[in-house]
Amino acid sequence: MNLTNIMANFYYVAAIIFFLIGLYIMLTHPNLIKKVIGMNIIDSSIFLFFVSVGYIEGGKSPIIENPSPLTEFVNPLPSGLMLTGIVVSVSITAFALALIIRIYQEYGTINVEEIVKIRSEEE
Amino acid sequence: MRYDNLNQIKDVLLRRIRPRIVIVLMLFWVLLTGEFSSGYLFVGFFLSLAITLFWGGFLLPPSPGKALFVHPALILTVFKYIYNFIIELVNASLGVTRIVLDPRLPIEAGFVEFDLELDKAINRVLLANTITLTPGTLSVFLAREHIVVHALTRESAVDVVDWGKQEYLEEFEEV
Amino acid sequence: MKKNIVAMIMLLIIGLGLMSVVGEMPTFGERRFFSEEEMYDRYLQQGPEETGSINIVSAIITDYRAFDTLGETTVLFATVAAIYGTLLAAINKDGDD
Amino acid sequence: MKFEDDIVNTVTRIILPFITLFGLYLIIHVHLSPGGGFSGGTVVGAGFVLFSLSFGISIQEKKLSHRTSALLESYGGLWYVLLGFVALFYGYNFLTNDPVFGLGQSGSLFSSGLVILVNIGLGVKVASTIITLFDSLGGEEL
Amino acid sequence: MIELFNFILLIILIIVVIVVAQIRDLLSAVILFTVFNLILSLLWQQMRAPDVAITEAALGAGVTAVLLVATISKTRRQER
């Protein structure tokens, strides 16, 4: 492991920290809405990782107004991919929230532990 | 029958086309694009017209009987209002600073309710936002000429009631 | 509480693994990253002539990778359909009872 | 979901046309500046959401019914596929841009055939998706 | 200079995420999550990806927050 490299790449380290905290929220909190927020944080960490992969030191944003070979541009491919990813993540969030509303109508709670208890009493 | 229907459609269209809002939207469009060529202006005009037609009845109601785009007296009133507002702002900031720096914290927070004599909704909203912008007071609720203000001290509450009754806003009513 | 500690230990292991990957990655902000030099040059040099759009990101998502975006609109459509199904099923069931 | 508050109501009346114009600007100016069908459509849809929050869902229903927004949502996707089939008709690959649609002068408003056409369809589709999501998740009182 | 600004933004983001993980009130968690997304869109503007920044500010911060608040208003507000 190269320690100076890790210090230089603090964007990736931040992305990993977001990923871990999001995973922690999803694992330990019994509330379903909190789990959805944790899932969104994990999504954001992936976006942060990809966009920082595409960054080039001293580059401009990829809008070519007057083309010349000297100007350096940021890599546009990760930006395009992450644009797709954001929309898909919002779709998944919306569907998860619809399921949560449905679960609340069925069980009267959105706490996973209480739902498990109700299910075990039913059987 | 058919002619009646057409006339009705014409009436609705004429009520919904709002030249002043279209002009303001065109200005916004020019600011956004930063271009002044004919193609851009045509597209902007088309979009502004379409938006005004679509949102028609839900925009600000037109004020009756004014030929000019902006009444000259309105500009003067706006400047006078801003001048008074700045004076009030400095006073209120000094008062709140004195309260915060005082180690005894002499706060008597409470709600004040009073009625406004303003007819137009936009003037009431202007007053409510001015109260919120002033440090120490906060407008909590506003409906139908009735306003509820949260004030930090008793003096500021009295000030707010005075400010609400003053004549600057009534000048806005007249213009 | 025991669950939290187990989760913490697991996350620590995952984090150490990911950190070791970061240690091997190229430095942030380098010009040539992975093996994508050809795509980068192609998009930035021939993008405006080939697509007519000077905003390269929108050129990528709606011209070079337009099929990808078509799939994405399908995802949006499927989401709306699934939400309607989930919530309308509840309303219909309530009506039957 | 309706607030009987004059402040929200009046500010909505002032700000609504600007939000809509900004969303349409993002959609139409896609090939020249940041933005595009996704973000512009979201902004237009957010304008509708603000409208229904301040005036009530029943008035929004009158302005744009569920049926209309569902139809717009479906036809936004169909418009995309149709544009792809145009190229197929001329003997090129699916969703070809260059010879089928005229590219025009790069950098002007009327250029880049397929990109802007696809983005208009995407904007309509995304806006109606946002409206439908809000209506079905938060709209009606249950 | 830009590096320092981005570093400060990342520190703020990490603090916000930790508070989101700890807070009990769901509505506060949603508001802090919106703040998180807005700062993230600022960071993307710094990384020269303006398309992603606009889309994140509109979709991630706006629509997700509206949907989450709507869901909370239909279920319950406290976590327990």
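Remarks
Labels A, B, C, D and E are assigned to the chains in the order they are written; within every chain, residues are numbered from 1.
We adopt the following convention: a residue touches a chain if its C-beta (ideal position, glycine included) is under 8 Å from a C-beta of that chain, and two chains touch if they have at least 3 such contacts.
This structure is a prediction, so every number in the text was calculated from the model and none was measured.
In the absence of chain D, the touching network of the other chains comes apart as A, C, E | B. Chains that touch both chain B and chain D are absent from this assembly. Interface comparison, C-D versus A-C: the higher number of contacting C-beta pairs is recorded for A-C. Rounded to whole angstrom units, the spacing between the C-alpha centres of chain A and chain B is 40.
Between the Cα centres of chain B and chain E there is a gap of 31 Å. Centre to centre, using the average C-alpha position, chain B and chain C are separated by 43 Å. The distance from the centre of chain D to the centre of chain E, each centre being the mean of the chain's C-alpha atoms, comes to 24 Å. Residue positions of chain D touching 2 or more other chains, listed in rising order: 32-36, 38, 107, 126, 133, 136-137, 142. Under the contact definition stated at the top, the residues of chain E that touch 2 or more other chains are 49-51, 55, 59, 63, 67, 70-71, 74. For chain C, the set of residues that touch two or more other chains comprises 48, 54-55, 57-58, 61, 69, 76, 79, 83, 87. Chain contact summary for the complex, chain C toward chain A: residues 3-4, 7-8, 10-11, 14-15, 18-20, 22-25, 27-31, 33, 36, 39-40, 43-44, 47-48, 54-57, 60-61, 65, 68-69, 72, 75-76, 78-79, 82-83, 86-87, 89-90. Remark: chain D residues 32-34, 36, 38, 107, 126, 133, 136-137, 142 touch chain A in the complex. Here chain E touches chain D in the complex through residues 50-51, 53-55, 58-59, 62-63, 66-67, 69-71, 73-74, going by the rule given at the top. Touching chain C in their complex are the following residues of chain D: 30-37, 70, 73-74, 76-77, 80-81, 84, 94-95, 97-98, 103-104, 106-107, 111-115, 118-119, 122, 125-126, 129, 132-133, 136-137. On the chain E side of its complex with chain A, the touching residues are 6-7, 10, 13-14, 17-18, 20-21, 26, 29-30, 33, 36-37, 40, 43-44, 47-52, 55-56, 59-60, 63-64, 67-68, 70-72, 74-76, 79-80.
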